[in-house]
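What follows is a set of notes on a single structure, which appears directly below.
When the chains are written out, they are named A, B, C and D in that same order, and each has its own residue count from 1.
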Amino acid sequence: MIRFECDYTEGAHERILQRLLETNDEQTGGYGVDEHCEKARAYIKKACGSENADVHFLVGGTQTNTTVISSILRPHQGAVAAVSGHIAVHETGAIEATGHKVLTLPSDDGKIRAEQVKELYDAHWNDAAPEHSVQPGMVYISQPTENGTIYTKSELEALSQVCRACGLPLFMDGARLGYGLVADDNDLSLADIAKLCDVFYIGGTKIGAMMGEAVVIVNDALKKDFRYMIKQKGGLLAKGRMLGIQFETLFEDGLYFDISKHAIDMAVLLQTALTKQGISFLYHSPTNQQFPILPDRTLKALSEKYTFSFWEKADATHSVVRFCTSWATKKENVERLIQDIQALQ
Amino acid sequence: MIRFECDYTEGAHERILQRLLETNDEQTGGYGVDEHCEKARAYIKKACGSENADVHFLVGGTQTNTTVISSILRPHQGAVAAVSGHIAVHETGAIEATGHKVLTLPSDDGKIRAEQVKELYDAHWNDAAPEHSVQPGMVYISQPTENGTIYTKSELEALSQVCRACGLPLFMDGARLGYGLVADDNDLSLADIAKLCDVFYIGGTKIGAMMGEAVVIVNDALKKDFRYMIKQKGGLLAKGRMLGIQFETLFEDGLYFDISKHAIDMAVLLQTALTKQGISFLYHSPTNQQFPILPDRTLKALSEKYTFSFWEKADATHSVVRFCTSWATKKENVERLIQDIQALQ
Amino acid sequence: MIRFECDYTEGAHERILQRLLETNDEQTGGYGVDEHCEKARAYIKKACGSENADVHFLVGGTQTNTTVISSILRPHQGAVAAVSGHIAVHETGAIEATGHKVLTLPSDDGKIRAEQVKELYDAHWNDAAPEHSVQPGMVYISQPTENGTIYTKSELEALSQVCRACGLPLFMDGARLGYGLVADDNDLSLADIAKLCDVFYIGGTKIGAMMGEAVVIVNDALKKDFRYMIKQKGGLLAKGRMLGIQFETLFEDGLYFDISKHAIDMAVLLQTALTKQGISFLYHSPTNQQFPILPDRTLKALSEKYTFSFWEKADATHSVVRFCTSWATKKENVERLIQDIQALQ
Amino acid sequence: MIRFECDYTEGAHERILQRLLETNDEQTGGYGVDEHCEKARAYIKKACGSENADVHFLVGGTQTNTTVISSILRPHQGAVAAVSGHIAVHETGAIEATGHKVLTLPSDDGKIRAEQVKELYDAHWNDAAPEHSVQPGMVYISQPTENGTIYTKSELEALSQVCRACGLPLFMDGARLGYGLVADDNDLSLADIAKLCDVFYIGGTKIGAMMGEAVVIVNDALKKDFRYMIKQKGGLLAKGRMLGIQFETLFEDGLYFDISKHAIDMAVLLQTALTKQGISFLYHSPTNQQFPILPDRTLKALSEKYTFSFWEKADATHSVVRFCTSWATKKENVERLIQDIQALQ
């Protein structure tokens, strides 16, 4: 079985494993205050052009979203997100479990627009009795989105401007951030993101690491006591250096971007070939998630050799599915998939 | 600097790293449903003599305690624990963050007694208006305790009996379980624990793994929907096999017990030598944490070469400190420490 | 200013005040275990034809919804409700504050249908990885709804049947239940409701009482420890008899229904007259909330003499507003309103 | 049966009932923004000498404590309180249910000392890894305490000074505040309290009202969005004027203090008489709760005519019990009780 159902089917990049082996006998203090974590922090801050940022390493995405969001909001506030946002649909109510509503905005492509945020904000504050409903307290976006799309620089600037005008911290979930940063269409740098967001995270789990997400807190007002929050929410890894070593390896010389680029190359290869075959896609995704619309009988046949995710029914005889490429995807497997789809047409 | 301040100063056991390397290119599904996790589950169930148990892999201890406890209690119930229990003092209120009070019992040595639980239970239910206070809903213990002590079989039997009579699920935090199981004084097997507790976990982080705790749910009533709870509390690792591979390695042929034994040997070496030097200990610990009472000037000198944890002041000129050994402790370092303490007397 | 903006603009029914005066010097125990509460419970159980029900008195609606819902759900479960349900939009995230997501279903009229619940339930359980999303754990409905509409007996039967088949407790928010029970279109009795729901409440605040809601728990599985939940959520009134006396008065001889009928008469008077004037309504409401669509200039003029609630814009020059009648509405005020609207056409 | 078991056995002061009758037909807006609430706010602010304070009316004590505390703390913070504090023992974990630990300090008499708070604060911040434990985030005290004792002005000044130095908001639970303010020993005025605390509440339920507590927020930093919190925690009474009218009546001409004085007179009468009879008391209480130590056989006999609360066993044949007087206590009943105790000696 060749797996395309998600972007975490393999282990870790070999250089990460190598580094773990080399450093294995070192003795370090726990909980992320060792030298590897310090180096990784320095590399990341440099990559973000943000020497004053705080960088924290957590283990996984749901944990990171929960920790960041519950650290920011007061009890009567909610997080604004796309109706398809990860926190809205795929985290088993983790945000609600910390007491906060996710205030959803409609979205066809996973992105939310500055105007939508402004409208929601105004609707709340223009209500005769706003205290009877949840106050919008921050904005959550994903880059790339759950649909593979990415915000352009001007879209993010507009969002950022509205958020700042409304006093709403802007948080970017970057579980797949690398794949967004190196996408062909992309015009946003890490430094732009650090300037436009208040806090964001750089995903490791889906891009070469065993596990690990690097939270970058840019806004000073959000930095206070964040380590307490990581500890309380179960994200303060005892052997914190395991995270530090991985991010050190990924960021010391650009490995993170190089391996992200490979995933994009593989996705473009797939997209281009399928498009040539006359297949259309649900979303315009320049990143590692591709959502072709395929005949159900084709999918049935494919499912004997490949794994992929069912997304939704397109019509009576077609479905949208998701294929993910990743840093670890083998070109021969993508080519085989392309041929097999071709053969099944 | 030679580190004795905790039992997670090194990386992972070399066989674990080796196995991670060997399996790195495999493609597996996410979230702990792969073959490595399945094998690890089978090994652990066998080791516990409990084929019907459910085994889940989580990342860290605080996360595991929070997930298990919040999965069991109704909102008006609390978890009974020693006043020194990890959940009571060292988890930044993680249990309270899920809505539950920790109901503490006094303890000199980290253990709680069956009679204490019974008394607390009776006091609650004999109150004229019990609904004005938190209802005891389960019992939490650690084995070994935070003080290095261990429950004997008869103590655990008594606790288990009271818990069952009172309808209180008994949960054992086994962050250092291996060190307890191979201690000289110990008369409790994994199978005993599986029979006497309703749920417990086998700690990996402190015993050879990079990270990872294996929750064993024995009581059928506590099994339902546990994966939802892991996901919501941020513990469902995307690359779940990383945990599976580690526990597979630790349990396929007894590695877990072998390396635990090494830590105990090192602790006994230290304890015996210091006792000979006339040094006394705060707790009678047969496990890997040792709590000698030393002159402050000795400690000051030691702190230039060694790390250890300050525990509490003993008197005006002495303090209790904690030295931890582990699976990774080098004998030469223990011997050096013994000599240095001797020299400083 | 004549008030129609809600159904709690006056104090309490005079017979309630009279009874409070008569009983004022009595000494009773606190927290709802006095004789008045007992009598009120007996009257209510009789009215519901449900001798085995548990009846509890709470102070207000949001508190009651929160207490009931958080008492039923496990942490990973959510409450299914109409997108316009009170818990979804008008309780400042009170449900989320107890850790639970409100899973909303689209609704044009405030009601949800049995098929919708079944679809949501099936969609969850047919998901390949249901544990990544919130599990539907119960169903919340309002009778009458926030739009003034009411469930018919056959609609409630269908909902009840689906809920029981799916293992989802059905909870009816009856903040305005009296107004539903005596509406012309209604074919549901209290006894029907007690048979078809697992738990519901009979609203007092909006129907003659100063404050107070009577929760009726029919399903044995939901009765356990409910008083703990009331206490924890701040609803266990110290002078609990204040609630008991009010419900005793309302239910000893049908006062609750008589005064509900008055509100309906007033609503029908208004609806009939406005309909004759050619005015249309947003919802078909047979209860005390009426939602006419009126020209903005008419509303502007009316607002100098009357209070009412803005609901939504209908078009560029018209708006939907809400007029509420209640047990205390004076006929002369309704007639004056009708004339004034007529005059402004 | 003559009741002394608590201070809420009767209804409301007759002037309150009278006022409710007089105002019953008025139409007002809901949720505490009516003229009666406004007047009550003005009276209270004047009584506190604090024109800039925010005053909010809530229904009951547990609700008020929960709302205030959860409004102030961030998720990783706890409320410091006496081990016997109401929030620590008698609110069914309501504070924990909002996610916060109650950090308890030992106390023999219900009071906590400035030095204790300082020590706890220093211990937390001197810890090598404070983020592993709950951060003290505010201080909760009761005046009078649950033991009937009261803080002196100099004690409160010392507490206030430490709290401000440590950045810990000081919150006073004044469920029985009136009884403290008019006690013979008392040297604290409402104005002193408003100067020394950041937020406090003036209890109505136990002093003449049917129900109701008036929260006074003095510290500007704690005022923001408090109405959202009241709504979310279920305390925003729809007919909010019911609370306003009661506090208006209690504070327009000093009724609150007059009826408080009556309770104190009755308590002193009892205390003086029992002391003369050679009976001793567990606490030195100058307020309306008295804790005599009586022979168990005396108590048994008394319990046939009187209700009172069992407090704790004093020795094999004696118990401490609690007798409460209140604004409603009849002198003849106290005299009868005194005689009966005398007769039983």
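We adopt the following convention: a contact is a pair of C-beta atoms (placed from the backbone, for glycine too) under 8 Å apart; a residue touches a chain by one contact, two chains touch by 3 or more.
For each chain, UniProt lists the protein as follows: A, B, C, D = Low specificity L-threonine aldolase.
Fair warning: this is a prediction, and the values are worked out from it, not measured in the lab.
Shared contact partners of chain A and chain D, listed by label, are B, C. If you compare B-C with C-D, the chain pair joined by more contacting C-beta pairs is C-D.
Each chain gets one centre point, the mean of its Cα atoms, and the points for chain C and chain D are 33 Å apart. If you average the Cα atoms of chain B and of chain D, the two centres end up 42 Å apart. Averaging C-alpha coordinates per chain places the centre of chain B 50 Å away from that of chain C. Touching of two or more other chains is recorded for residues 75-76, 91-93, 97-99, 131-132, 228, 231-232, 236 of chain B. Chain contact summary for the complex, chain B toward chain D: residues 75-76, 78, 89-93, 96-102, 128, 131-134, 310.
Against chain B, the residues of chain A that register as touching in their complex are 1-3, 5-6, 8-12, 14, 17, 20-21, 23-30, 59-64, 66-67, 91-94, 97-98, 205-206, 210-211, 228, 231-239, 241-242, 307, 328. Of all residues in chain D, those touching chain A in their complex are 31, 70-71, 74-76, 98-99, 129-132, 135, 225, 227-232, 236.
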